[in-house]
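Here subunit A shows up in two complexes: once beside subunit B, once beside subunit C.
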Partner chain A sequence: MAIKHPYKAIVIGGSAGSFQTVLHILESLPKNFSIPILLTLHRLKHVRSGLAESVSLTSHKPIVEPYDKQAIEPNTVYIAPSNYHLMVDDDYTCSLSTEQPVEFSRPSIDVLFASAAQVYKQQLIAILLSGANKDGAQGMKIVKQCGGTVIIQDPSEAEVSIMPKSVIDIVRPDIIMETEDIITFLKNMVK
Partner chain B sequence: MEITQKELAEFISCFKLHSSYDLSDYSENSLMRRVDKVLSDNSLNFPNLLHKISTDAVFCELVMKQITVNTTELFRDTLLWQELQYKLLPLFETKQKIRIWHAGCSNGLEVYSLAIVLHHMNLLNRCTIVASDINPDMLEQARKGEYSLRLLDEFKAAFDNAMKENPYDSEFKNLSFETYFEVNKKKECIAVTSCIKDKAEFVRIDLVKMDAQFDETFDIILCRNVLIYFSNSLQKRIFEYFYTHMNPEAYLILGMQESMAWFMNSMFEKKGVFYKKCK
Partner chain C sequence: MHIGLPIYTYQEITELLHAYIPDISYYSKSFVERRFQYVCAKLYIPSIHAFQEKIQEDITFLDIFMHHFTVPVTEMFRDVSVWKTLYSKVLPQYRNSSNFSIWLPNCSSGEELYSLSIMLQKLSMQNNTTVYASHRSIAGIEAIKKGIYSERNEQLNANNFSKLQLGTNLDNYYTKSFNSLYMNASLLKNVTFMYSTSILQQIPAHVDVVLFRNSLLYFTVHMHEIILANVTKHIKQQGLLILGLQDNNSITVLHDSYKIENKEERIYRKK
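So, the complex of A and B:
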């Protein structure tokens, strides 16, 4: 099947109230949706595992907590490991860091989005979901500056609207939509 | 404030010229973020930063301290400390002398985590522990063994998780936190007790230069969440250095999300969460 869209990677961020949404998006993606997805979800520091496992159960794709310098492959979902920032390096590998929290968060969505934006530029889609703090907004600004596509969950649908709203405060999102429309948008990319 | 790749390259060569540090094998992504932070922490623009580096040796030392990441925790990763206690260290119980090198020890919290496990297992007296870091401020704090009182709840929770539960026989140990830490209200700190204090020798080593050469070899080397800041080629050099400074049957302990898979060759084999030296 010919792929017509220009995208090479998708980054998704979320915090309070986003977990079920992420699961739903991942399980709804068709098998031929091969673009790699990188996820940063805020989580409790000492809950090491479980997240990757529960996402794996519902998705068609392998879900991994990447090792430092692990290559980013198609058809795979990468989740920021607990207590590490996840970044994308120029050579399309994952890079981890234990630098101080950003917006009280490690992993931080800003850190993932900003690094992915600089590598993938206009070939990146960034999606920010429900959450109770501002992490992700600065990252979205950089995604926009680098030519990527900025999508936020409609704050009126989000369980906690602070996170998607904080994007609107500093940058104009390309698309504001509800979860089902995000899924349709992604599915249409590979039709 | 965001520096460009070109500026980063300029910074690296300028810093190399005017300080004793070579950052050219640091991984670019993190280094860029750290240099951005140096600029904002010191309220400098990029040309001023280069100027200051080339004229002020004391400032260079400060920059290096701000670039290195000092994140560490008591018993970071419960699983690792349980595996160490119930799987790895029992292998050394019959050994008369156990030599340990903790490379990149930051403020010493993991050195003391290790000392607690060893003390509890009655092995500490037989151990020689060398703990190294590039940052002299961190080493000083590590030697003192004093930590902010604000960390008390976090310390206690981490201690309970790692030391009181045995995942292999569901036995719950009645170990006392106060054996290893005492709260000093006057100094507003948590201080390590004499059981574990002064058991490690803290020395300054730059892993890039490997300037402090060891004559001895080690049974266990810990190097956790340090190599993630280095390029593949520097990582490889350090792994080779570790290898040549390890005894037969020695083990290497990395961070939970670090892997040697990229160089996995005849040097090390993976054993659970540890790496064992190949013969």
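So, the complex of A and C:
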């Protein structure tokens, strides 16, 4: 089936209250949804394993905590490893960093979104979900500046609305949707 | 950390810095762009031209720049399980060695060095061990020697340390005054600091163990091969290399010159 959409990558960020939403999105995507997904979820700093395993229980796709400079492949979900920032480099590889936390967070959603925005430009979709701090808002602003598509979970649906609301404070999202509509939007891309 | 579109291009930055930091091209493009801007903001340098003027009028500024350009570690005993393995399995192998040597090619802000030194002291191995600690900045070395750390990370460091279950508290290794922690000077008695102008220079002769965690992250893939080949030349046969948990896992030298000692903790034994 020919893919008509212009997108080359999706980045998703979330914190408190986002985990079940992420699982639901990933399990709902069809097998032919091959666009790579990069995921930064705020997580317990010193719990090294478990997140990728939990996500992989419900997803059809390989879930990877990437090594530094690992190539970004289609049909794969990349999760920021515990205590590392995850970024995208110009050569479409994952780049990791132990630089200072941003918005008290490492991994930081801002860091992932800002780097992916500069590489994928208008071919990027960024989705920000529930969360209890402002990490991700600056990243969304840069996604918008670079021509990417900015989607936030409807704050009225989000378990904790601070994170999606903080985007609205500094940039106009392209789409504000509830989870089921985000899933439909993504599914329609590969129909 | 700088979040935003780069104000200056990689080319502009490297053209400026190349005369002063010949190995600037060893670092990855994205790292150079964001780190240069981070350091400029930290040192109140408003523009690339101001940076140029500053570096021309005060040559010591270059050292200060490198001090901040180097990424700090931010916590002691980061990745507790690695330190547990070091304490219970790696270091005891060398307890009876008369001249055991460990090299930290990038001792950064010193937390890894102090973590290691605490373990060596606890294992009564300071007298038979030499620790070589390389650093790109004299200011960085002096800061580590002073051993003053903010109390901001005290709880985090103490939590990491308590998970090691060594039967002692971390605060036995420092004194606290005015929101700062002063590491015990005795921890560094067997440490030799080495100022190097490049990651490829000032390498000690054959060492038993190299602790090189999360430092390759900031270099190009091409340099990963070169740096690791160079490090490997200076590790004794059967010596150990310890990388960061998520460091590049596809480096040819790693697979050609080492066998895996501990996959989870990224410990490799030289063939």
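Convention: the second predicted complex is superposed on the first by the 191 of 191 C-alpha atoms of A that agree within 3 Å, B and C clash if a C-alpha of one lies under 4 Å from a C-alpha of the other, contacts with A are read in each partner's own complex, and residues count from 1 in each chain.
In this text, a contact is a pair of C-beta atoms (placed from the backbone, for glycine too) under 8 Å apart; a residue touches a chain by one contact, two chains touch by 3 or more.
Remember, predicted model here, so these are calculated numbers, not experimental data.
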Clash or fit (per the criteria above) of subunit B with subunit C on subunit A: clash
Partner chain in contact with A:Asp68 - subunit B first, subunit C second, else both or neither: both
Which of subunit B and subunit C A:Gln138 touches, first, second, both or neither: second
Partner chain in contact with A:Asp110 - subunit B first, subunit C second, else both or neither: second
Partner chain(s) touched by A:Ser156 [first = subunit B, second = subunit C, both, neither]: neither
Contacts of A:Asn32 with subunit B and subunit C, given as first, second, both or neither: neither
Subunit B versus subunit C as contact partner of A:Gln20, first or second or both or neither: neither
Touching partner for A:Ser95 - first (subunit B), second (subunit C), both, neither: both
Subunit A residues touched - subunit C or subunit B, whichever exceeds: C
Common ground on subunit A, meaning residues reached by subunit C in one complex and by subunit B in the other: 46, 48, 65-70, 81, 83-84, 87, 89-90, 95-100, 111, 115
Subunit C-facing residues of subunit A, complex: 46, 48, 65-70, 81, 83-85, 87, 89-90, 93, 95-102, 108, 110-111, 114-115, 118, 138-139, 142, 145-146
Residue ranges of subunit C in contact with subunit A within the complex: 1, 3-6, 28-31, 35, 38, 71-74, 78-81, 159-160, 214, 216-218, 221, 224, 244-250
Subunit B-touching residues of subunit A, taken from the complex the two chains share: 46, 48, 65-70, 81, 83-84, 87-90, 95-100, 111, 115
Complex interface listing, subunit B residues touching subunit A: 27-30, 33-34, 69, 71, 76-79, 157, 161, 225, 227-229, 232, 255-259, 261-262
